[in-house]
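Two complexes come next, and they have one chain in common, chain A, joined by chain B in the first and chain C in the second.
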Partner chain A sequence: MRNRNATAYRFLTPYLLIFAIFWVWPIISSFLISFQATRTVPWRFAPGFNWGRLIGDPAFFNALKNTLLILVIQVPVMIALAMVMAVLLNSPLLKARGLYRFAFFAPVVVGEVAYSAVFRLMFSLDFGVVDKLLNSIGLPKVDWFSNVTPAMALIMIAVTWRWAGYNAIILLAGMQSIPEDVYEAATLDRVSKLKQFFYITLPLLKPVIVFCAVLSIIGTMQLFTEPFLITERGGPGGGTETLGLLLYRQGFRSLNFGYASAVAYTMAALAIAITLVQLWLTREPK
Partner chain B sequence: MTSLSSSRLRRSLALHLFLTPLALIWLFPLWMMVVFSTMPDNGIFSPGIELLPHGNFIDNFNNLQRDTDFVGAIIISVCVAVTYTILSVLLTSMAGWALARYQFFGKSVVVAIILGTITLPYAVVLIPQFIMVARDFKLANTWVALIVPPLFNSLGVLFMRQSFSMMPDDLFDAARVEGVKEWRIFVFVALPLARPMLAALCIILFLASWNNYLWPLLINSQPGSMTAPVALGTLIGLTKVSWGGIMAGAVMLTVPMLIVFVLLQRHFIAGIAAGAVK
Partner chain C sequence: MATVTLTNVAKRFGAFEVVHGANIDIADGEFVVFVGPSGCGKSTLLRMIAGLEDISGGKIAIGGKVVNDIEPADRGIAMVFQSYALYPHMSVEQNLSFGLRMTGNPKADTDRRVKRAAEILRISELMDRRPKKLSGGQRQRVAIGRAIVREPQVFLFDEPLSNLDAELRVQMRVEISRLHKELGATMVYVTHDQTEAMTLADRIVVLRGGHVEQIGRPLDLYDNPDNMFVAGFVGSPKMNFIKAHIVGRDARGVVVELAGEEKTRITQPLAETAPEPGSKVIVGVRPEHFGGAGEGDADLTVAIDVVEHLGGTSFLYARTANGEDVVIQRDAAKVPDTSEITVSIRKSYLFDEKGLRLR
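Moving on, here comes the complex of A and B:
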C-alpha cells in the first residue's frame, strides 16, 4: 500500500463533499435548531423551549412508548424467525431450495408503499381476506384498525413480513462462512444437530446476529411508513403513533422544525444507547 | 444403513412439513397483491373469499391513471433511479478504492466516521436536509433534490473497499511500473475486475432509490414531480379511490423488481449479505 495523500483525496473528494453537505452539516444544524424557537420569524435562540416541551409532552411519551414496545417485541421475534429460516434453508435435506428462498427473500424487493397498501387491504374489517379466512376456520373476526392492541400487532406483523427474509439472508451468509469441518468433527463425536446449533453455530454467529439486531433497532426506531399508511397516520387515536410519525407531523405538517429536531435527537440518542448496550452485552470475554 | 436413511427421510419430511406452510404464508401477501390487482372494486369488497386472479387488470390500471398520473410518476422514478445508481456507484467505488489501496493522512478518521454513520438514524439529518434543499437551494420538486442528497451511503463504500482490498497487489503494481496513471488503473484495471461486486451494488442501489419513500414524499410533493411510490401513497386512505387501481400500481412497482430478483438472485443476495445498503 502506498502513501499518496493527493491521489487518495482526489478519489475521495466527491464522496466526502456529499457527506459534508448532506450529513455533517445537518447533524450539527439539527442540534442547533433543537435549541431554537422556530415558529417565530426570525428564529430565536431559546435553549429550553423545545426540550422543555418534550419533557412534558404526552404525545411524545405516547410515541416513545409505542416505538419501544414495537422494538422490544418485534425485533427479537423477527430475528428469531430469521434464524429459523436461515437454519432450515441451510439444511442439506431441503428440496426445491430455490422456491423456499424466493418465498422468504421476495419481500426484500417490495417497496414500503406497495406492501403497506396490500396489508391494509388484506386486514380490512368484514371484507379483508384475513378476517374471512379466520372466520372460515371458526375464529372470531378481529377489527385490526379500531383497537390499539390489534393495530399494534398488525404493524409488527407487517414489519416482520417485510424484514425477516432480509435478516435471514445476512444470517445465512454468516452460517455458510463457518468452516464445514467444525461440524464434521462434532458429528463424528456424535454431538446432536441441536447441540451443534447451540454450541457451534450460535456462538460463531454472534457478531452477525448483533449486526442484524443493530440495523433492525435503528430501522424500527425510525418506523414511519407502516403506521403512516397502514394504520392511517398512527391510528386509532394515536395508538400506533411512533417517534418517526411524531417527527413528521411536527416537522412537516406543523412546520415546527425546532421541536422536530429535538425529537430526532432523542431518536438518535436512544439508537446509539441501545447499540452501545448491545455491543457491551455481547462483547468478547477477556 | 436402512435405519439411517429412514431417519433422514423422517427429518426431511418434518423439515418440509414445517417450512412449506411458512413459505405459503410468506408468499400470501404478494399473491393477494396480484389477485386484488385483477379484481373489480366491488369484487374486492364482497363477502366471498376470492383467491384466484380475475381479468380486470387493465380496467384497474385505467382507474389508477384517472386517480393520479401514475405513468408520469413511473417515468420520473425510472429516470431518477437510473441516474442515482450511476452516480452513486461511481462515488462509492471511487471512495472504496481510495480506502482500500492507498495509505493517506486521516484515513482512520474517515473510516471511523463512515462506520459511525451506520448507527446514526437518518432522522437526525432529515430536517436540515429539507430546509437546505427546499429553502436555501430552492430545489424542491426537482430531480436534483431526489438524486443528490441520498448519494451518501456508508455500507456501499465499505462493500467496495472490501472488494478492492481483496485484489492482488501485483496486478496494479505491474501497471504502475509501466507508468500508468492511478485513475487509469482504477478505471481500466480495477473496475473491470470488480464487475460482479459492481453488479450487486447497482441492483441494491437501484432498488433503494426505486422504493425510497420518506425523502421523496417530503421534498417532491407537487403532483407533477412525485415519484411512483409517493403518487401511490397519496391514494391510500382516500375515501373515493379505486383499490383495484392502487393494487395495479403496487403490482407495477413490485413485479419488475421480483423478476430482476429471480434473474439476478446471486448478485442480489451477495449485495445484501455484505450489508451493502439498508
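Moving on, here comes the complex of A and C:
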C-alpha cells in the first residue's frame, strides 16, 4: 500500500511542484508582503504600516461599501432570476430546450472585453439602445456613466446578465435530481403546482441554492472586470470602485504591493466570513 | 368504496401502443392484482386509473363515473409508489399530513386521520423521524399511511414490496391483506411476482405485451388457464411443456402421444372440435402433477440431472428421452438414488401450437 502511494506521488510531482511554486508560495508570500513597507527600497518589515493604513483609509471603505452594496442587491436578485430561468427550462411545455439552455449559458463564455464593450454601447447616452427603449415608453434619458446610482445599477445589471444563466443551469441540474414521483404524489394529494414549488422544490433545492450563493459571493467579492471596463476604472469618481479595483490600483498602478496584499487578504477573509455565516444560517436542522 | 371499470382502454406513447384495449371490471371492495412480465403495461394501466397518464382510447370509470377528464386528486384514489415517493425533507408526521394541510383541511380532522393511519400501520413512535432514518419496511408503511390518510375509495399499489428483502416482503404482504380486510376499500395492486399475486388477490389480471391474457380467481387461473402463457406464469416452479401429437380418439376423448415416447399416451376429454389426428400439440404438466409409476394416465421415464432438496419436498430437474427439460416435484422420501426415474402423469393440459388451451 505504501509503495503504491509513493508511486502515485511520484506521478503527481510535476503538478505538485507547479502548484507549490505558483499557488502556495504566492499565497504565503503575499501574506508576508502585507507586513512590509513596500514604498521604500529595500522593503522593510513594518507590521502596522499597511494594516494601520487600511483601517483609516477612506478609499478602502468606499470600495468596501460599494462591493458590499453590489453583493447584497445583486446576488439575491440574480439567484431569484436564475431560479425563474431554471423553472422555465425545466417546464415540459418548453420547446427548443437546447437552444434556451445554450442561450442562458452563452454569456459565461463570451469574452469579458467584448461583453463590456457591448454593454457600454447599449447604455451609451447618445446612441444606446437602452435609452432609446426607455424613451420610447416615455421614461426620461438616464446618463448611466456620470451618476453614481445609475452606474452602480449598470454594474449590477451587467454582472447579473453574465452569471444568471450559469446559476440557472446549476439550479436546473438540482431540480432534475428531484424524483418525479414525489411531485406525482403531491399532485394526487391535491397540492397545486405553486405550492409544490414552495414546499417541495425550494426546500429540496436548498443545498444547491446555498452552493450558488457561495460561488456568487466569492465572485462578487473579487469583482473587477465590470467596474474596470464598463464604468471606466470605478467611475464616476470612484463611485463604482470595488475592492478588486482598489487592489489593482494599489498593486499595479502605484506598485504598492504591501498595501495591495493587505487588501487582498481582507477580501479573502470577508468572503470566508460571509460564507461561513451563510452556511451557519442555512444549516440542516438536526 | 367504489367499482373500477376499464372499457377498451388503450395507451399510446407517440405511435407506440403499449396497452391494447383492456377490459377489466373491478367490483366494490375487491382486491385485484395486475400481474405480468416487465414492460407489459401494468404500471401504465395503474397510472391511467390514477390520472397520472392520459388515456389514449376507451373509458375508465370509478364508482360508475367516467373519470377520463377528471383531475387525479378528484378521482377518490390514493397511490403507493414503488419507490415510496416520500417527501425527504419532512418528518413522518408531516409526510402523512402534507396533502391535507396544503388543502386547508380542518386541523382536528387532519390530526385524527394521521393518528388513525399511524395506529393502523403501527408507526406512531416514528412520527418525528425523517424518511432517511427509516428502514425499508418502515418507509413502506409511511407510504401506505399517506394513502390511508386520504381516505380514498380505491387504493392503487405499484409494486410496493419490490424494494424489500424476502422476509420483509412476506410480512408486508400479510399486512396489506389485513389492511384490505380492515378498510374494505377497493384495491388494485401491480406486481410481477406471481406468489404475491396468488396470495393477495381476490382476482388476478394476467397481462402480456399490453393485452389482457386472462382474468380470474387465483385458483381458477391455476386450475384452468386459458393459454400457455397464463399456465406458465401461475404456479411455481412453472408448468412443464412437452411436445406431442394427436394420434386418435377413443371413448374417453382424444389420445395424445408425447414426442419420442411411443408408450406415453394420454387421453384428454376434448370437445368435438379437437384437432385432426397427426396435429402437433403441447402437453402441459405441473411439477406437482407427476405421480409414482402406474398411478396416473401414462408413465414416463426420465433421466435425472440435478436434485434440489428443500426439506419436505424435492425438485428433480430431468430430461425426457426426446431431450425436453422437465421439473418434477416429489416427496423427499421418494427420491431414488438412481439416475433414472419413472413417473406417471396424473393431470395434464393440452395446448395447440399457438399456445391456446384445447378443452
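Criterion: the second predicted complex is superposed on the first by the 280 of 286 C-alpha atoms of A that agree within 3 Å, B and C clash if a C-alpha of one lies under 4 Å from a C-alpha of the other, contacts with A are read in each partner's own complex, and residues count from 1 in each chain.
We take it that a contact is a pair of C-beta atoms (placed from the backbone, for glycine too) under 8 Å apart; a residue touches a chain by one contact, two chains touch by 3 or more.
Everything numeric here is computed off the predicted structure, so don't read it as measured data.
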Using the touch definition from the top, say if A:91 reaches chain B (first), chain C (second), both or neither.
first
Once chain A of both complexes is superposed, is A:102 in touch with chain B (first), chain C (second), both, or neither?
first
I'd like to know which partner A:211 touches here: chain B for first, chain C for second, both or neither.
first
Contacts for A:259 in the overlay, against chain B (first) and chain C (second): which applies, first, second, both or neither?
neither
Between chain B and chain C, whom does A:163 touch in the aligned arrangement: first, second, both, or neither?
neither
Applying the document's definition of touch, where does A:145 land relative to chain B and chain C: first, second, both, or neither?
neither
Considering only touches as defined above, state whether A:190 meets chain B (first), chain C (second), both or neither.
second
Taking the superposition as given, does A:49 touch the first partner, chain B, the second, chain C, both, or neither?
neither
Does chain C touch more residues of chain A than chain B does, or is it the other way round?
B
Touching chain B in the complex: which residues of chain A?
1-5, 7-12, 14-16, 18-19, 21-23, 25-27, 29-30, 33, 85, 88, 91, 93-95, 99-122, 126-127, 129, 132-133, 136, 161, 165-166, 169-170, 172-173, 211, 214-215, 218-219, 221-222, 224-225, 229, 232-233, 243-244, 247-248, 251-252, 257, 260-261, 263-265, 267-268, 271-272, 275
Which residues of chain C touch chain A in their complex?
50-52, 72-74, 77-79, 81, 83, 85-89, 98-99, 102-103, 146, 150
Residue ranges of chain B in contact with chain A within the complex:
8, 11-12, 15-16, 18-19, 22-24, 26-27, 29-30, 32-33, 36, 44-47, 49-51, 90-92, 94-95, 97-99, 101-105, 107, 110, 113, 117-132, 148-149, 151-152, 157, 182-183, 186, 207, 210-211, 213-214, 218, 229-230, 232-233, 236-237, 243, 246-247, 249-251, 253-254, 257-258, 260-262, 265, 268-269, 272-275, 278
Sites on chain A touched by chain C in the complex
179, 181-182, 184-192, 195, 199-200, 203-204
